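Once you've had a glance at the structure underneath, I'll fire off some questions.
Read from first to last, the chains carry the letters A, B, C and D; within each, the first residue is number 1.
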């Protein structure tokens, strides 16, 4: 089966289940599919079981403070190694309800990726076995990758910012 | 009858006179600096290269790496130290037996380097006293060897009693390190 | 016992102790140089010419390093550990014959501190005490890594001592004596035991590696797993004693191998030398060169082979070495029964 | 894996039943000699048998992703150096390719081939560290010094290309900053001649060494299904028997022109991982030979003046070059809006860059897919029920690089 027909089959399948909110193929020939956060686990389960998408490439988040009710986004790439097809899924979360189903029932690899995303953005992964901070110290009280936080530690004493052109 | 002359003013006190025992032990210490590599990142790989055949830190009597802090004389901090790791580093320093020296290898250990971020300690001298800083990101093995030679120089010229002195104790107290 | 004999023995003991310690100290240097040679490096060369003062620098530093006894450690046992290791290591060399006799100031001095008629037993006894040094030290440190090292050390030593003893028994059956002096004397010329006991020697050699905690049997202190093993918590000269005792052990077990299997001080054409002084010195030289060759082999192996895993070590000890040693013993017995 | 299976697999008759209070907790790290880099494993052990393990990472978290949001595209290259510092050039060039993909730049064949040479050299360097360190962790220290001599030669080559040894910062967006010098070619040829011999010597120290094989075969195994489920990539996945290689599946930088094999293992144990890396080094040599023999002529940079820095002499002479230079250095060049995911086969597997651009001078969001971070989470599963020594070998054979682990 050629890659494009397999891709069509995937999109059809997802469409028939009503998972796809928006599907675009951009100029880089990458396939972006926007899904609803609450369907995410079913989507992944369906792709894994029916269509053989067996490789979770990557899972991360991003923060768009200017987009109303879509401030946060969970992005994950998923790949079928046999058909060599990679899809990018996105789902938007409002800052009032930052919940996303954990993909750990399907992919063990999602465990730390989700912990990292939680650590950076504070997105809650529902059903995650052990949602703790992973990279930062446990008693950190904010999620550093959000746009409103500074890169530098503002409590540091020894660096004179005027010399660094900030 | 031997007439004992008082020492000239200002030349008294603990840890001042360099006796020949001081010299001998200083030389012994200098030539037998057993390093504890606290290698975290990139500089650690350059430290491995320093131990390797081309640069061979063993020439200076420093090849017996002792990963147990009790047995080490020289703490080589090579790489970024994050805030999460700071307490660990301090504990390792604390566990080392006197006399101990600290070599800070690389920009990250010395000042935070390019990582002026929320998670990185801006220089290990916030946590422990440092004897010699080696610049570079990462420094070449030659530079690391130069740093070790500088430590050797310190070890050679240190009096045996320096570590008992009040100044030393006070210096440690500024780092909140308990002295016994 | 006349007083001159007493004086003679005391001097001999003093010389032997000093020589053993000196050799052990220089073995550390030798090991570094051999390692450097194997690894295309230079090795220590800054302390004195070719770095020959390196052991002195290490010792000087260790003596003046802070004595550290962890608060949770068992203080007296913590001190006792290295002491036991060091003492047992040094007193083994008492029964080893370094030569026949050497005329000194008109006296024929016997080149053996004590020709005990149960020399082999004495050595086995002392060696089995030696493990207590490591065990006590590792346990008293109150550190998990040390404890692991101590457990590994005791299990390893006990299992390998057994096959070591069995290998020796075969030699004893051949020679019919427990005295090391006798055993060496019987191997006059080229009549070395290695030609009769090749398998026994192999077993003994492997066990000697294990007994001295050398690679590939350096599990009790393997750096990459247990940090320092039993001596993780030791600093200063107590650590020095442990490191030192390892090298003394290596020296002594090399001496033992040379004595039991390689004819000790014997060398072909020994009878041609008439002069007793030259003969005595030549015997000592031959003995030491044999020892040094063994030590080099020890180091060669250490810098070449990876180490075993704990369970593999036990498998090797109990499932291969002991049956082999038993077989060797039985074969020796049968052959000596039928052909002698 | 059930407890029964644990016993069967290793053929060691140790009961896994324990009485409470006989289980010890062992801290493997943060400063344990076997954790090359800094991370911690809290092990629950019964004797030497590991019942449970849990890792703590983040000890050298340096906030790469946040840092990348504050830097113009060209200045992100030094950060990528410090991801997997054993093979920095792969990271650098992967990043350049990501940006080139975003701006839609076509590279001349020569740039591709030059990149292939640099990347394969650094792959060799990466695998050399890993394999020699496996040797060190089994107790065979000599191979390490042999292989570091070879690594020094690769460093020499890197120095000839870009002037740096370890954190190379090689190339720039749109090609290389200079052509390979004649010295580089002569040094590379000497290296290609001498290296296989020395490497085989290292191989003969360990590859068929009985003790080494006994130690590594069956240590820390993982099945292909579990490895995929854990999103393993690179040599570790191939050791488990899955022939996934980004160089073949999604060819970048003209990898489709080269003829090479993907070595795979069967058991996914430490020995397989070791051997896969050994074979990959040999395959890399093959690729370098091919790239060297078929090196096309042409420019060593792409024709994208608004992204590729003009030569310094031009800047002094021509107005246009000066303007471009200024705009590139100040980060004023227009970057298309969009998002790309690009991945390269790093030393440890699929190294991905997920880049979101809003047209500004800095990336809006840059996420690194760090293979170490992803596969290290399988460590407890791999060592459960094995002995402490196996755990250490498993860790070093997974080649966990702290810089890549924690970002």
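Quick note on the criterion: a residue touches a chain if its C-beta (ideal position, glycine included) is under 8 Å from a C-beta of that chain, and two chains touch if they have at least 3 such contacts.
Keep in mind the model is a prediction, meaning the values are calculated, not measured.
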Greatest separation from chain C - chain, by CA centre: A
What chain lies closest to the overall centre, CA atoms only? D
Which whole number of Å gives the spacing of the CA centres of chain A and chain D? 24
Using the average of all C-alpha atoms in each chain as its centre, how far is it in Å between chain B and chain D? 32
Based only on mean CA positions, could you tell me how far chain B sits from chain C in angstrom? 36
Per the centroid of Cα atoms for each chain, what is the distance between chain A and chain C, given in Å? 63
Multi-chain contacts in chain A: which residues touch at least two other chains? 135-137, 144, 151
For chain B, residues contacting two or more additional chains: 53, 65, 67, 84, 117-119
Multi-chain contacts in chain C: which residues touch at least two other chains? 39-41, 223, 227
Complete list of chain pairs which touch one another: A-B, A-D, B-C, B-D, C-D
Interface residues, chain B side, partner chain D - complex: 38-42, 44-46, 48-49, 52-54, 65, 67, 79-82, 84-85, 88, 92, 114-115, 117-120, 137-138, 140
Which stretch or stretches of chain D touch chain B in the complex? 30-33, 36-38, 58-63, 66-67, 78-79, 81-82, 85-86, 129, 144-146, 148-149, 151-152, 155, 165-167, 402-403, 406
Can you list the chain D residues touching chain A in their complex? 57-58, 61, 63, 65-67, 69-70, 101-102, 104, 226, 228-231, 242, 244, 249-250, 338-341, 343, 350, 352, 354, 356, 364-365, 367, 369, 373-378, 406-407
Give every residue of chain B touching chain A within the complex, in rising order. 83-84, 116-119, 122-123
In the complex formed with chain C, which residues of chain B make contact? 24-25, 27-32, 53, 56, 58-61, 63, 65-68, 70-71, 73, 97-99, 160
